[in-house]
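The structures considered in this document are given below.
Shared between the two complexes below is chain A, which pairs with chain B and chain C, respectively.
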Partner chain A sequence: MGGMARLDALADRLSRIVGAGSVLTDPAELATYDCDGLTYHRATPGIVVLPDTAEQIAAIVRACAADGVPYVARGSGTGLSGGALPRTDGVLIVTSRMRRVLEVDAANQRAVVEPGVINLDVTRAARPYGYYFAPDPSSQQVCSIGGNVAENSGGAHCLKYGFTVNHVLACEVVTPDGEIVELTEGPGYDLLGAFVGSEGTLGITTKVTVRLTRLPETVQTLLAGFDTIERAGEAVSAIIAAGVVPAAIEMMDALSIEAAEAAVRCGYPPGAGAVLIVELDGPASEVDSQFARVKELCAEAFEIRVAADDTERGLIWRGRKSAFAAVGRISPDYIVQDGVIPRTTLPEVLARIDALSREHGVRVANVFHAGDGNLHPLVLFDGAEPGAGERAEEVSGKILDLCIEHGGSITGEHGVGIDKAKHMPRMFTAEDLDTMQMVRCAFDPAGLCNPGKVYPTPRLCGEVPGRRTGVHPLVESGKADLF
Partner chain B sequence: MGGMARLDALADRLSRIVGAGSVLTDPAELATYDCDGLTYHRATPGIVVLPDTAEQIAAIVRACAADGVPYVARGSGTGLSGGALPRTDGVLIVTSRMRRVLEVDAANQRAVVEPGVINLDVTRAARPYGYYFAPDPSSQQVCSIGGNVAENSGGAHCLKYGFTVNHVLACEVVTPDGEIVELTEGPGYDLLGAFVGSEGTLGITTKVTVRLTRLPETVQTLLAGFDTIERAGEAVSAIIAAGVVPAAIEMMDALSIEAAEAAVRCGYPPGAGAVLIVELDGPASEVDSQFARVKELCAEAFEIRVAADDTERGLIWRGRKSAFAAVGRISPDYIVQDGVIPRTTLPEVLARIDALSREHGVRVANVFHAGDGNLHPLVLFDGAEPGAGERAEEVSGKILDLCIEHGGSITGEHGVGIDKAKHMPRMFTAEDLDTMQMVRCAFDPAGLCNPGKVYPTPRLCGEVPGRRTGVHPLVESGKADLF
Partner chain C sequence: MAALDALAKACEARPGEAADAVQGVAPAYVAAPATVAEAADLMRTAAEHGLTVVPRGAGTKLHWGAPPESCDLLVDTRRLGRIVEHAAGDLVVKAEAGLALDELRGVLAGAGQQLALDLLPPGGTVGGVLATGVAGPRRLLYGSARDLLIGITVIRADGVVAHAGGKVVKNVAGYDLGKLFTGSYGTLGLIVEAAFRLHPLPSATAYVSATASDPAQALEMAQAVLHSTLVPAAIEVDGPDPITVAVLLEGVPGGVPPRAEAARSLIGGRIGESPPEWWARLPDGEVLAEVRALPTALPDLFAELPDGRARIRGSAGRGVWHAALPADGADEALTRLRRHGTAVALTAPAGARLDRWGPIPALPLMRRVKDQFDPGHRLAPGRFAGGI
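On to the complex of A and B.
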């Protein structure tokens, strides 16, 4: 049976599982699902299916497995590494209809939600009880919890509050063999920890129990304008060295400020070489005294503004949160890079990025979570100019080299996805990657669950167990019954 | 070749790896390694080997694998679930000679240590820089980091600071196939999270990069005496509901207070039905105002004492930290139980434990990390009295039933080990356990790495992949090359 005929037959079977109205096969409809937030990579899915329940997802996965058809799960599709890029020969399982908040248990500080629930809606459900959901990706108004789990999403406040993995207490998961299992913290292996951030390669989340965080008594936010990025960097070091743990410390350089001004008129200090946004939250007594300390430590700033209320705080954040999109105002095209470096190497790496930019004649706007060394350089180019895209790609790749060279990582929060799989061997040895793939093969021996993502050289799982030696010699010799 | 002859030949090979002085085969020497902190289970190891390096451990593991001999790693051997119980037919790999602090990188808040390093020695190395290692099991003066990693150890302060897994940034690990790999946070699967707490079943840690925590500006500690355990429990709920996050909230009941007094004369308030120890730490401004609030919330206490200095604080903690051993003063034998319940069910579960105790005529002393619902009931008995041990075991098991029934867990921080493997099916479905064993088999197909621990029904790994269906049908049919 040819590929198309096979997909047609599968679409019929999927219709019997979810109802015909929840299976899309019309090319025009399929085309709207051809990418996630990383629009550079595109592929029209063979079939789109919109399930309502975990049992339906389990049945869909079993149907795909029976036909040997690959599948990809996605929620809102806001990811920035192409982790939810569909397969033209496969099924895209979209969880956006599964958006019920099933329970808010304020006394035990947890909520249970379906994977399609929007990040900010968890906070909306919890706020009446005095709680919120701490992970706050910039896309929090549209991104969904299932995707947050898949990518282990962070956000501006993960410096103090940690990533999604620190706020997920349990996941119900459909495994690649179509079973529904519960992954929790507690006895046995912490497969929950391995599942969160596995970028859709180990199964599909169908229910998530999240930790709720107490709304802070007070929030204080300042915006400090510095002449140079070096001075802003020194202020960051001084704040951290003083033992202050801000909820967030964000930095933007002149070019990203220019973009944000053009887009949302956030009114940042004119002429700044860099701005810092520093936010403290917690008990009023602590915040007030530490905020005074932070202001002292920003003494080199030529201007410091303190948000007087939530509206002013919102305005300060608007510039930062819109920064990626805003770059579109000053450049027709851009690449959002995502890398990590040890905080102490910040000044040196920034100087090297600046040198790279001048050397290659490519503009780079820097926006980053300065407190935890997570850089988001925006590499600008004009796709209409021949060779410009390639030059931008080259600079973007060299920035990752800098991160690795300084003991950092190729991704802080956007994930590896399809975009950075090729960079994995620059961070990990063959043995390290084999160890990861052993786990993937244990879950998904047929390699149908979001294949082609994360790992640079997908291989037949038969090659992996026992690794370079094939099947473990003890299994082969029958000695494995010793235990 | 018979079992003994095989071990003799292996001992010779191990001597060539580590030197003859580092391999123990004398029965008298072997006998001193026959248990860990859970002395109820004993088994004299076939061979003990004391390596100095990761390369030696890798060679030892390969030698064991070649002969099909099981092995168990241990550090100081203070675990309380028999996780480091040796095998009479196997090798015990003791890491206590690997106790170098390799690096303290204060600027990036991390230290690199060998697995045999004592928990408190990490803090001793970091303190001159203003940092410490936050996880603080009661055994922290003797327990080693390798064991902390294997068991994901907690401690009194994990309410605020989290468990070992929250303080480990990377592990160098010898895998069961004798390779040395690096597990880190970052791109790819978080195998670090799965490895921490895997109780020695996925490999042996040979180097650990830990997160250092800033020493708090201030610490304030109070001891509050209550007439009844219910009133103490209400104070705990009130403190948590007020949004205060103490560094620790510990509770002890009358019987455990009696034991602690008999052992260390800690001078707790006479006649108390329960005491609470509440400790706050952090910036002075925050601690001072929140401490005042905590004192208000303990209004039902008949006596509140505040530690005026470190000596008084030490005295308050001495009673708590010695509580397990102290119970030996009031009972010839006892079982230390370890269970978890949602904090809100504390009053009900305590009443049920009290009823169980009276019903069975078995005394139960309660010591617990009240803030996070981690109970440590001490079930007292006299081994000389016929049937007493069995009755104590029964009550101890029923306490776990209560924990599960109330949505909790069979272990909070002591691990499953050999002791609780039989209870795992009470928390997990067969599918859940199969999913965990898939991972074990991916790492250790021959089942030689700490076999018999954690899982109730070890099985041949050949049975696990594809689970109930054997090898995945797609692998069998050759369709697996689709990806």
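On to the complex of A and C.
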């Protein structure tokens, strides 16, 4: 049976599992799922299926496995690394209909939700009890918990509160065998810890038990305008050295401020070379004294504004949260990077990025989580200009090299996905990648679950570890390249 | 002696002695690598000779888990005792596995920093705390070893050196092998280095402790603090006879006293600068079990304890406790505790007949992970869940 005929037959079988109305095969409908938040990579899925239950997902996975058809799970499709990029020869399993908050158990500080539930809806459900869900990716108004689990999403406040993995207590998962299993903190290996952040390559989560965090007694936020980015960076170092753990420290440079002003008129201090947003939360008796200390440590700022209430806090955050989209106001196209560096190397790395920018004639706007060294350089270009995209890609790649060179990471929160798989061998040895993929081989020996993501070269699972000699069989057969 | 000669080429090695026994299983050889390269040589040599391998650090938790089915080679990690890098400005430390946690604590304290893990029991190493995944009272605020670990270097069963994570806190590149190795009891590979995120040492602390009349009241007290906005670093319950609820508050000198007063208004009792004597200590008993259940299950857990000689102690906020049980009837007590969650016997007298692990969801997947990492089943065989 040919590829198309095989997919047609599979579509029939999927219709029997979820009903014909929940299986999409019309090319126009399929096209709307051809990318996630990283629109640079596109592929029209062979079939889209919209299940309602874990049992349906298990049956879908079994049907795919029986036919050797690859499948990819997708939540809201807001990912920024192409982790949910579909396969033209495969099935896209969309969890957006599974959006019930099943339980809020405030007494035990947890909630049980389906994977399609929107991140912010968990907080909305918990807030009446005085609780919230701490991971807050910028896309939290639209991104799904299932996607957060797949990507181990962070957000502006993960400096203090950690990442999704620190807030997930259990996951019900459909394994690539098509079985429904519970991954918990209980006895045995921490498969839950390995699963969260595995970018959809180890299975599909169908139910998530999340930890809820008590809403703080008080929140204090300031915006500080500095003449130069170096001075802003020094203030960040001083705050950390003083033993303060802010809920968030965010920095924007002049170019990103310009974009934000154009887009949302955030009214940041005019003429600033950089702004810092520093937010503290917790018991008032702690926050008040620490906040006074932070203000002292920002003494080099030419202007400091303190949010008097939630409305003013919202205004301060507005510029920062709109920054990615705002860059569209000053550049037709841009690449968002997600590299991480040890925070203390910030001044040096920023200077090197500036040099790269001038050398290649490519503008780079810097927006970042300064507290944890997670850079989000926005590399600007005009796709209509010949060669501009390539130059931007080159600068972008060199920024990642800088991060690796300084002991950092190629991704702090967006994931590797399809986009950065080729950079993995620059951060990890072949042995490291081989070892990580042993986990993949344990979960998905057939390699059908979101294949081609995270790792540039798939590991052949039948091999005895460490006994490999000669050329990798996949390379020999032309199915994979070595990087 | 061919194997010993080969091992001695990799690093310091000697024949095993009775005193080296792991739960009664004496190793044929003991080797102590001093570098990651030596450790890799050693593991490769062990693989070539088909030796079963059990790692040990300070040996403070070697009696935890089931006895190994076999131990040809005991790998003593204590010569791997260096701090590789302490990046104080980045609040990160990378250390070798055999480093004593007390020594690490001293160095970090010099910079006003800490690895926010309570030593339970005292005297362990970096590798040991990871291999057993143990954590104490402050897990409520800081999480456990898995939450603080940001990078790991391991030697695989075949002697290959592998890294995961890195030395930055925020990093999602690749699978998080660190979490997989945390709590794996040496069954997946030899941990040789680990990087952790650090926290500033608090400049002020206070303990508030009060006695509860019964388990139901202890739960009410713990819940009152848990749902307050006081951000306690720990809420511990110990009992029975008496049942004590104790709360740790950490912060700045001006901030802690009013929070401590507020906590006392919720649970009564007294405020002190030092903890109750049982704080961050494992309860004494013939069988030591780790019990996990919903925080609100606390009174149920007390009700399941056998009369008289049992004790339970732990994090009433996170729902992780340690129970000390008499050997006689321990299996029944574990079964009863499992009605409310999970209960794993960490220690048990030699020859005790009990189900150490209880039901293990996803055990087939765990076996497949083991088969991938250690296809010859030579690493700490039989020590772990499901006989892994």
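Note that in this section the second predicted complex is superposed on the first by the 461 of 483 C-alpha atoms of A that agree within 3 Å, B and C clash if a C-alpha of one lies under 4 Å from a C-alpha of the other, contacts with A are read in each partner's own complex, and residues count from 1 in each chain.
Here, contacts are C-beta pairs under 8 Å (C-beta built on N, C-alpha and C of every residue); 3 or more make two chains touch, one makes a residue touch a chain.
Predicted model only: the values in this text are computed from it and were never measured.
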| item | value |
| --- | --- |
| Clash or fit (per the criteria above) of chain B with chain C on chain A | clash |
| Chain B versus chain C as contact partner of A:P70, first or second or both or neither | first |
| Partner chain(s) touched by A:T311 [first = chain B, second = chain C, both, neither] | neither |
| Touched partner set for A:E413, first chain B, second chain C, both or neither | second |
| Partner chain in contact with A:M427 - chain B first, chain C second, else both or neither | both |
| Partner chain in contact with A:D372 - chain B first, chain C second, else both or neither | second |
| Touched partner set for A:F443, first chain B, second chain C, both or neither | both |
| A:P451 touches, of chain B and chain C: first, second, both or neither? | first |
| First (chain B), second (chain C), both or neither touched by A:G243 | both |
| Common ground on chain A, meaning residues reached by chain C in one complex and by chain B in the other | 107-108, 130, 152, 165-166, 175, 181-183, 186-191, 193-194, 196-198, 214, 217, 241, 243, 245, 282-283, 285-286, 289-290, 340, 342-344, 409-411, 415-416, 420, 424, 427-429, 431-433, 435-436, 438-443, 454, 465-467 |
| Interfacial residue positions of chain A with respect to chain C in the complex | 105-109, 130, 151-152, 154, 158, 162-163, 165-166, 175, 181-194, 196-198, 214-217, 237, 240-241, 243-245, 282-283, 285-286, 289-290, 340-344, 369, 372-374, 407-416, 420, 424, 427-429, 431-436, 438-443, 454, 464-467 |
| Contacting residues of chain B [partner chain A, same complex] | 65-66, 68-70, 89, 107-108, 130, 152, 165-166, 175, 177, 179-183, 186-191, 193-194, 196-198, 202, 214, 217, 241, 243, 282-283, 285-286, 288-290, 340, 342-344, 409-411, 415-416, 420, 424, 427-429, 431-433, 435-436, 438-443, 445-448, 451-452, 454-455, 458, 460-462, 465-467, 469, 471-475, 477, 479-483 |
| Residues of chain C defined as touching chain A within the complex | 47, 87, 89-92, 112, 133, 143, 146-147, 154, 156-164, 166-177, 179-180, 182-184, 188, 199-201, 203, 223, 226-231, 251-252, 254-256, 258-259, 292, 294-296, 317, 319, 341-342, 344, 357-358, 360-363, 365-366, 368-369, 371-373, 375, 384-386, 388 |
